[in-house]
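See the structures that follow.
Two complexes come next, and they have one chain in common, chain A, joined by chain B in the first and chain C in the second.
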Partner chain A sequence: MPLKRYKKYVSLLMFTAPAFLLYAVFLLIPTLGGMFYSFTDWNGLNKSYHFVGFANFAEALGEDSDFVHSLWFTLKYVVFMVVLQNAIALLLAVLIETRTRSKGFFRTVFFMPNMISIIISSFMWTFVFTQVLPQIAEKTALAFLDQSWIGNPSVSFYSILIVSLWNGVGYMLIIYLAALQGVPQHLKEAAVIDGASPFQRFLHVTVPMITHAITICFFLTLNGAFKVFEVVYGLTGGGPGRSTQVITLNIYEEAFSNNFRYGYASAKSVILFVMILIITFIQISVMKKREVEA
Partner chain B sequence: MTIRKTTSFFVLLFLLAAAIIAVFPIYMAVLNSFKTQEEMFRSVLALPSRLHWENYSQAFHKIHMLNSTVNTVTISAIGIGGILFTASLAGYKLSRTGGKLSNAIFFLFVASMLVPFHSIMIPLSRMAKNLSVQGSTYGLALIYIGLGVNMAIFLYHGFVKSIPRELEESAQIDGCNEFQSFFRIIFPLLLPITVTIAILDFLWIWNDFLLPLLMLTDVDRYTLILSTNMLFGEYNKEWSLILAALVLTAIPVVVIYAFFQKFIMEGITEGAVKG
Partner chain C sequence: MKKSWKSVLATVLAAALLAGCGANGGNSGGADSEAAASGSGGSGEAKNVTLKVFIGAPRFKEHFDKFIADFAAKEKAEKNINVSVQLEMPNPDNASQILKTRLASNDAPDIFALHAVNEIPSFYKAGYLEDLSDQPFVGKLLDSVKPSVTIDGKVVAVPLETLSWGYLYNKKIFADLVLTPPQTLTEMKAVVEKLKANNITPFLLSYKEAWIPQLFLPLAVGAIVNTENPDFIERMNKNEGSFSEMKAMFDIIDLVNANGTDKALEVGGDDGAAAFANGKAAMWVQGPWYAETILSANPDFEFGVAPLPINDNPDATMINLSTSTSLAVSPASKNKEVALDFINYVLDDKASNAFYQALKFNPVAKVHTFETYPWVNDAMAYVKEGKAYQDPSMPQSVKDEVGKGLQAYFAGQIGQDDVLSALDKAWKAFNKVNK
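Let's look at the complex of A and B:
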C-alpha cells in the first residue's frame, strides 16, 4: 500500500518539521560545523581557510600550556565536585529524611540557593569572600577566615568549589530525597529486626535501593562539572593570570576575546566534547551494572 | 531511648548549622544592600542605621530593571512556548510511528543531548550572525527552542507511551484529523510532563548567562542577569549598589520559588528519573 506509507511519512514530517528545523539550524549544524572547523586554520573573519589535519589538536595538547593547565584544573575540579556534591547532598538527604516536622523546612532552605543563577551566586560570594570574611576574621578569633580567597590561586580553587557546592547541592538533594522516600519501609524494619545498626542499614538496604538515583546524580554532577564556566567567570575570571582557568573559559577566551582563532578554539571544543563523552560512557556503563530492582 | 533522643538532637543541630551556611550569603547580601558604604566598612554584620532604599532606586535604574525584566520574560515565554509546542508534536509523532526513519530522527535528537553548549558556541554564534538573528530578542528565543527541543522530545516521547492509542483512533473515527485529535485529545493528557518540561526550561533560560552574553550586544536588549553582570563590572567595589542589584535580580526567582516550590521539586525529580 504505497499511498498509506506515503501518507505516514508526510504526517511524520509535518509533526516533526518545526522542531527539527530549529534543532538542525541551531544545534545539529553547529555541532557538525565545529567538528569540521576543528581541522582548519579558519580565523572567523576570512572567507578562506586551509585544512590542517590534526595540527590544532596537536598544538592544543602539546604546546598550549595554558590549555593543558586548564585541562588539569578542570579535572581536579570535576573529581572534587562529583565526590563532594554527592556526598553532601546524600548526607543531608538522609538526615532530613529522619526529621518529621522540619523536613519541609530544611528541604526549602537547602534548595533555595539553586534557584539563584550561578553568576549571581558568585557575585554574592565575591562580597562574602572579599568583605565579610576578612572583617569577621579581624574582629573575632577566627583568623583562618582571613584568606586571599580570590587572589591566591591555591585558595581560590576552594572558593570556586564552595560556591559551586553552595549552588549545586540542593538539586541533587531533591533527587536523593525523592529516591529515599521510595525505599520500602518493610525492608528497613526487617533489617532492624535482624539487628542491623543504622550504618549497616544505610549501606546494605538504603544504598542498593537508591543506586538508580546515585547513577543519575553522578551523571548530572559529572556533566555539569566538566562544563563549569559561570562560577569561575564570576569569581576569579580565570585569574590571577590564567591560574584558575577552566576548559570552557579557555575556549571562550580563545574564540571571543583573544585572537579569534576559531578553528583552533573549535579543536579545543571537540576535545572537551570527546572527554565528556568518554567519561560519561564509562560512568554509566560501570554504574548501570550495580543497579538492583526493588 | 535517651541515646536516640540525643542523636536526634545532634542531627537537628547539624542541619541547622548547615542551613545557616546555606542562608548566610543571601542574608549578608540583603542586609548590606540597605547600608551605606561606610556602615559596611564599620561592620558587615551590624544592622543598618536606617534602611537606605536609595541603593535600590539607584540599582533599579542602573540595571534598567523594567526593561531587562520584560526582555527576560519575553525570551523565556517564547522559548518555553516554542519548545512545548514543537516538541510535543514531534515527541508524540515519533513515539507513535515505527520504522527506521522515525527511529533515526529520534536517535538524532537524543544523541545531541550529550553535546555540551561550550562545544557549539563558536559555530552557533557564527550561525546567528549569518542569519542576522544576533542581537535580537526573538532570535535568542528561537535559539533556545533549537537547543531545548531535544530533551523535551525525549520526555514527551516516553510519556506518550502511557497514553492508549484507542483515544486518538476513536477521535479520528469521529471525524477529527490528525492535528485536531492531537490538540484536543492528546495534548491535554500530556499536561503533567508539559509542566515538568516548562519548569526545567524556565530555570534554564531564566538563569542562563553565557548564551545571552554571546548573542546580545545592545544594552536595551539585555536580560536581567546580563544587566547585573554589566553593573558588576562597571561599579567595581561599590558594594551597596551591587548588592541591591543582586537582590533585585534574585527576587523574581525567589518569588516564583515560593509559589511553585512543589512543582519545581517534582519537575526536577521527574526530569531526573526519566532522563
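Let's look at the complex of A and C:
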C-alpha cells in the first residue's frame, strides 16, 4: 500500500513539475527577490546597495502623499468596479438567459470586447473620447457628449470606468451565465407553485444557488481592479498631473522614471501585494460561508 | 485506456518543454556559431574579435548595419582583425531597462548608447563609463557639443544625436503677417495680439503627455541660469536654492496657456504635430525632433526654430543645445582596443559625414560638412551668434514632476506656488537619494 501512495505522489509531482518550474523561475523567485529589495535602497543600476530596514515602507505610507493619493484613488476605483462590473454582468446574464434563440448571439457580442487586449481598447477609446464623441455632439444636439473626457480629472475617472467595464464585463457574464444554467429547474418550479414573484424567485432561489459564481467573480474583479494599469496608462497616463494615478502606475513611475528607486518601488509593490492578499482573503472567507448546495 | 492518455499527455508536455528550451538555445547558439563562422573565414593568423554593441534605436538598423560593415572592413585592412559585431537594438521604450539589467548582471555590452544629458551622470557615478578624453575623436567635437558629453572634465561618450531647439513656428503664417520671431516677452505679446487680430490661434497646446509641458522648464531655467542666476543649479544640488527664484517662468507659460488651442490635455505629441502641420496654430513649444512627423502630415509645410523669450531681456532669449543619444564604452569590455577604434570611427574623417547625414542627425564635429535642414540652419544661426546655452542638467525626476505639475496647473487644480514647491521637493528627494 505505501508504495502505491508514493507512486501517486511521484506522478503528481511529475505532472506539475513543468508548470511549477516555470512558475518558480518566472514568478516565485522574482517575487521573493522583489521582497528582498524592498528592504534596500537599490537604484537598479549601482552594484552596491544598503539595507534600510522598514524605512521604505514608512516613507511610502507616511511621507509620500502621491502614493497615498494613488492608494485612495485605486480604492475608489476598486469599489466602483467591483460593484458595477458584477451588477452589470449579472443583469446582462439574467437578461440573456431569458432569450431562447438569440442567446448565443448576445453572449458573443458582450464577450467580444474581452478578446481585445486592454491596452488596444484603451487606445481605441482614446480616439472615441477625443474625436468621435465631440463630433457626434457637434452633429447632433447631444451637447453633454462634448466633454473633456480624458483631460478633465473629474470626468476622466468615469472614462476609465467606462473602458474597464466595457472590457471586463464580458468575462464575468460568461461565468454568471454558466452558473445560472446550473440552477436546478425543480427549485424554480417549486417556487412558482408556492406563488413567488419573479423578483422573489431571483432573490431567494437563483442568488443563493449562484453564490459560488459570485464568490469567484468578486475575487476576480477585486483582484483585477487593484492591479489596474493598462487602462489608466493608455487613457490618461495618470494625468492630468497625478489626478488619475493608480497604485501600479505610481510604482511604475517610481521604478522606471523619477529617481529609479527600485528598492522603494519594490516596497510599494509589497504593500500592494499585502493589501490585495488581506482583502481577498477576507472576501473569500466571508463569501464562502454563504454558499449553499442544491 | 486512461494510462495511455496519461503517457501521451506527459510526452506532449515534455516535448513542449524541450521545444521551448530548444528554441532559446538555438537562438543564442546561432549567433555564436555565426560569429565563429565569419571569424574563421579570414586568413589564418588574423585575430577574431566579437564586439557587442547595444543601441536602443531599431529605426536606424540599416544605417548601423552598413556602417558596421565598413568598420569591419577597415579593421581587417588596417589591423588584420576580424571583427564581428553583435548589434542589439531593442525598442527605445525598454532599451534603458535592458541595458541596466545587463550592466548590473556584469554582462555589459562593449559599446552602448545612452542619453547624454539624462543618463551620463548616474552611469558615470556607478562606474559604467570609460574615460575617452585622450581619444582622437575628442579633438574633432564642436565646442558647442562637447560639454554635453563631458563630466568631471572627462569626455565619456561620443555624441550621435544632438538637438538645438526653442519653439517651432509656422513660417507661412509669419511671412503672411510680416512677423519675425520675437526677441522679448513684450514683443511676443505683440505677436500674439496680431495673430489673434487675424483669427489665428497663436499657440498649439498638446499637454496630454507630461513631457511636453515639461519642455518649459529647460527653456526657462536654461535662459535664467545663463543670464541672471548662474549658480542656481549648483545651489539646488546643495539643497540651498528654491524654485521660487524661477517664478518668472510663469510669465511665458501663462501667455502660452491663455492663447492656445482647445482641449490641450487631450492632444498628444503626434496629434499636435499633425495639427501644427495643418496650420491650426502659429507656434508650438516643441523641438525639431518632430520634424519627420510634421512633414509626413504635410510634406510642403515650412517651419522654423526660434528661441523662446521668457522675459524682457533679449539676451535671455536663447536656443537650447542638448545631446540625446551618445555612444559610450564599457570599462569592463574585453575588446577595449576594438571598441575604442569603433568609437573613433564614428567620427572618422571620411566615413562619419555620410553616416550622420544618412541618420539625419545634426553636425557634431568639425568633420561634418553636409548640408543640413532649414530648421537646423535657423537654430544654428542663433548658435553662431552665441545665443545658445547647454541644456541645464536637472534631475529626471524634477523634469517628470514639472510635466505633471504644469498639467495640473493648466487644469486649474493647483497654483504656481504648488508647482514650484513640488519641484523643490522633487529635487531635494533626488539629492537625498543620490548623495
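The rule is simple: the second predicted complex is superposed on the first by the 272 of 294 C-alpha atoms of A that agree within 3 Å, B and C clash if a C-alpha of one lies under 4 Å from a C-alpha of the other, contacts with A are read in each partner's own complex, and residues count from 1 in each chain.
The criterion applied here is as follows: a residue touches a chain if its C-beta (ideal position, glycine included) is under 8 Å from a C-beta of that chain, and two chains touch if they have at least 3 such contacts.
Fair warning: this is a prediction, and the values are worked out from it, not measured in the lab.
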Partner chain in contact with A:Q135 - chain B first, chain C second, else both or neither: first
Touching partner for A:I118 - first (chain B), second (chain C), both, neither: first
Chain B versus chain C as contact partner of A:Q200, first or second or both or neither: neither
Chain C versus chain B, contacts on chain A by residue: B
First, second, both or neither for A:L277, with chain B first and chain C second: first
Doubly contacted residues of chain A, that is, touched by chain B and again by chain C: 11, 15, 18, 44, 256
Complex interface listing, chain A residues touching chain C: 11, 14-15, 18, 41, 43-47, 129-130, 148-153, 237-243, 253, 256-261
Chain A partner contacts - residues on chain C that touch it in the complex: 6, 10, 13-14, 16-17, 97, 100, 103-104, 122-123, 125-126, 128, 207-210, 263-267, 271, 395-397, 400, 404-405, 407-411, 413-414, 429-430, 433-434
Residue numbers on chain A that touch chain B, as the complex places them: 8-9, 11-12, 15-16, 18-20, 22-31, 33-34, 37, 44, 92, 95-96, 98-99, 102, 106-113, 115-121, 123-125, 127-128, 131-132, 135-136, 139, 166, 170-171, 174-175, 178, 212-213, 216-217, 220, 223, 226-227, 229-230, 233-234, 247-248, 251-252, 255-256, 262, 265-266, 269-270, 272-273, 276-277, 280
Touching residues (chain side chain B, partner chain A) in the complex: 8, 11-12, 14-15, 18-19, 21-26, 28-29, 32, 40, 43-45, 82, 85-87, 89-90, 92-94, 97, 99, 101-102, 105, 108-109, 112, 114-127, 131, 142-143, 145-147, 149-150, 153, 178, 182, 203, 206-210, 214, 225, 228-229, 232, 239, 242-243, 246, 249-250, 253-254, 256-257, 261, 264-265, 268-269, 272-273, 275
